[in-house]
Amino acid sequence: MLLRLEDIQTYYGKSHILHGVSLEVQAGEVVGLLGRNGVGKSTTMKTIAGIVRPAAGRVVFEDKDVAGLPPYKLAHMGIAWVPEDRRVFRLLTVLENLRTGLDRPGVTEPRKQALLDKVYAYFPVLAERRAQAAGTLSGGEQQMLAIARAMMLEPKIILLDEPTEGLMPRMVSQIKDIVHRLGGDGVAILLVEQNVPLTLDATTRCYIMEKGAVQHHASSAELRANHAVIRQYLGV
Amino acid sequence: MAIPLDQILIQTVTGLVNGMVLALVASGLTLIFGIMDVVNFAHGDLVMLGAFVGATTVATTGNFWLGLLIAAVTIAVFGALLQVTTLRPLIGRDPLTTILATFGISLVLQKYAIWQWGPSARQIVEPVSGQFPLFYLQYPWYRILTALLSGAIIGALYLFLKYGKYGIWIRATTQDRVMAAAMGIPVPLVHTGVFAIGAAMAAASGVLFGPLGGVTQNMGFDFTLRAFIVVVVGGMGNLGGSILAAIFISLLEAYASLVVSPAQAVIVSFVALILTLLVRPTGLFVPTPK
Amino acid sequence: MSHRPDLAYWGGFVIAVGLLFVAPVVLPPFWARFATEILIWGLLAMSSDILIGYTGMVSFGHSAFFGLGMYGAAAALLTTKPPNLWLTLLYGLAAAAGVAAFVAFFATRLREIYFSITTLVFSQIFYVIIFTWTEVTGGENGLTFRQPALSFLGLGSLPFTATTLHWFVLAVVTISFLVLRRITQSPFGKVLQSIKENEPRTRAIGYAVERYKILAVMLSGLFAGLAGVLYALQNKFAAPDFVFFTVSGEVVIFNVMGGMGTLVGPVAGAAFFLLLREGFSRYFTEYYLIPVGIIFTAMVIFMPQGLLGFLKRRLNS
């Protein structure tokens, strides 16, 4: 078991956002996290990444209790977070953005170069624009950069929060391909998405959240056929 | 009443020299503010402490450069300790709390200096003596050296930030500290490091300023005030802006002292601040965002 | 809402005033003077609390209001013959009001840190002007003058003694406290507090936030100026030192140490600071500010609600 959340309670100030979230992800699995806007999907991601500290509950990563650890330690342990609004470092170049994830303890120069080459192979457009300021990239390119940047951490799990939001259909299918490729590479992915068909296609199973907790859990194959559940929780 | 041209030109040189020293102080302050939202009220006192440490070292060893180095390193370490003990606990709190905390620290440091080094002023002997004729004056070489050294240090800072792993860490943390942490950058250490760098720069300016203006226990407040003005006029967090603003303000003051006494000339910088805040609060030297 | 807390509050108030009333009679002259000083600095601290504690604007420029009140009083006492107490008050308050209006106009539209820096800069501007305009202000040496007599229209006048001056100061400060308290509890005061808590929301509800802030600065400046007049009356001199930033800094210390937003807290903070200064200077001589500064910084970090807030919590639990 790579990652397990047990009954997570999280607050933003006085607002009780997460009312006992529990889920788990195995190594190499691609798991979906669905739900309407505002149910707490992003907050769950932030809790895993250490951005937000849970008030109660456990976050267990590779059998270690990690709730409350600072985000940079979790990044070193192998948790990579790709936030909803991408948050590329706008004033840094593409290459500098990638280097933020590369300059970690214990990574040799050859390995850094190998990682860069790998990522340029995944995303040739980033290779082209490597000396450009990240803020000048298009939305789709920024999304690719955000994912590439996460890959620089050589993560065991990538927390991918709404990667296709605001992107054109052509880019959306590109993202889907990338998710497949990453999954094929053995990296676990926890995918939050509004695009339900894409999620059901890219993942093996899905959790569905409502009102700050996981309310339903099934394999993606099942969910594809279960229109009633989709309609109930996702209002489509 | 016409002012002779050579007087104006001499004041221009003086203004530039003072401006470079002030730029060194202000860059540290704006760097610290940009990365951790701390308005360091004690920054001028770090200048003062650096000057005293430098003065003591120069007096005992006779070597100005050793004094400069030791002052910078000592105050850098001190700054790091200060940040870890008093400013780290305040992260995330109201920014006015940090201004109050650093104000308290400033009080302690000022009195500590008197306790440690006594109430009398110190001297730092300039490393290069000699003058060159500048119009009707004999202008000390040391002043030009000061401007060059300050510029060199700022230039080194710029290169450090632009290239190299730590420069990227600092710039990333300044832009988005949460995302930087999520990328594995040890943000608390970066904060401490930047504070130490700012402190070292402040200390260096103190030592460089020593031969120009002496080393006194209350020089800190003046520097803090001027540095604040420069940072606001230059745009908080904007390194290039602070340098331009420092030179601008110093030139204004230098020209003003042709007409009024130096004690009154300082009002021009106050007026510059107020005008900036009224007309262009993000900073006079900040390019308008597109 | 029971009347108990009110009773405790007003009971404490009456006791405090009573103690201060008998102070000059029972205490040796040094401590009697000390008590008067605590009252004056307490008033200054209260005036600052209106801005810091109630409106959420940290002013580093109160020395300007205080100092101008002092110099305004000096102007009255030096230019009018015979020196008249009420005219002195008037001049001092007018000077302080003028400065306050000036500062209010320029500074209130700035947010937080910029407001604080600007008030600092303004007080330094006034310092430089007063320090260098020797012909009018006496420059470095300041001005000395005589104390006016306590006069009542038509009823004759009575020269002050240390004791009667103390009672006069006590009366002024007590009335000021009651007035300020009334104001903070009025709808106006509530709006100020709402500005402190959430300025954008207060604006969104429809309040002309700038106008309230300007009024707050004027109110604060007026009472600070009043403190300056009292100081001039007690000490019979005015000096530029009192316009220098140090005074503003000390006022902020009183506020933080005592407890912002309580009116009483800053007075307690002033007393606490002055007593600490007295006590520490016996052992540390002029270095008393080192331990006091450390205590202050520690309080900012660990006890931001000040002494009063801390005690309140202790008493409630």
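A, B and C label the chains in the order they appear, each numbered from 1.
As a convention for this text, a residue touches a chain if its C-beta (ideal position, glycine included) is under 8 Å from a C-beta of that chain, and two chains touch if they have at least 3 such contacts.
As the structure is a prediction and not an experimental result, all values here were calculated from the model.
When every chain is reduced to the mean of its CA atoms, the largest separation from chain A belongs to C. With centres computed from Cα atoms alone, the innermost chain of the structure is B. If you tally contacting C-beta pairs for each pair of chains, B-C comes out on top.
Chain A and chain B have Cα centroids separated by 43 Å. Chain centres here are Cα averages; for chain A and chain C they lie 55 Å apart.
Remark: chain B and chain C have CA centroids separated by 33 Å (rounded to whole angstrom).
Contact of a single residue of chain A with at least two other chains is seen at no position. Every residue of chain C that touches chain B in the complex is listed here, in rising order: 58, 106, 110, 112-114, 116-118, 120-122, 124-125, 128-129, 131-132, 245, 249, 252-253, 256, 286-287, 289-290, 292-294, 296-297, 300-301, 304.
Contact residues of chain A toward chain B in the complex are 49-51, 70-72, 75-76, 80-81, 83, 87, 89-92, 96, 99-101, 103-104, 149, 152-153.
Interface residues of chain B facing chain C in the complex, by the touch rule stated above, are 39, 86, 89-90, 93, 95-97, 99-101, 103-105, 107-108, 110-112, 114-115, 221, 225, 228-229, 232, 261, 263-264, 266-267, 270, 273-274, 277-278, 281. Those residues of chain B lying in contact with chain A across their complex are 165, 168-169, 171-172, 175-176, 178-188.
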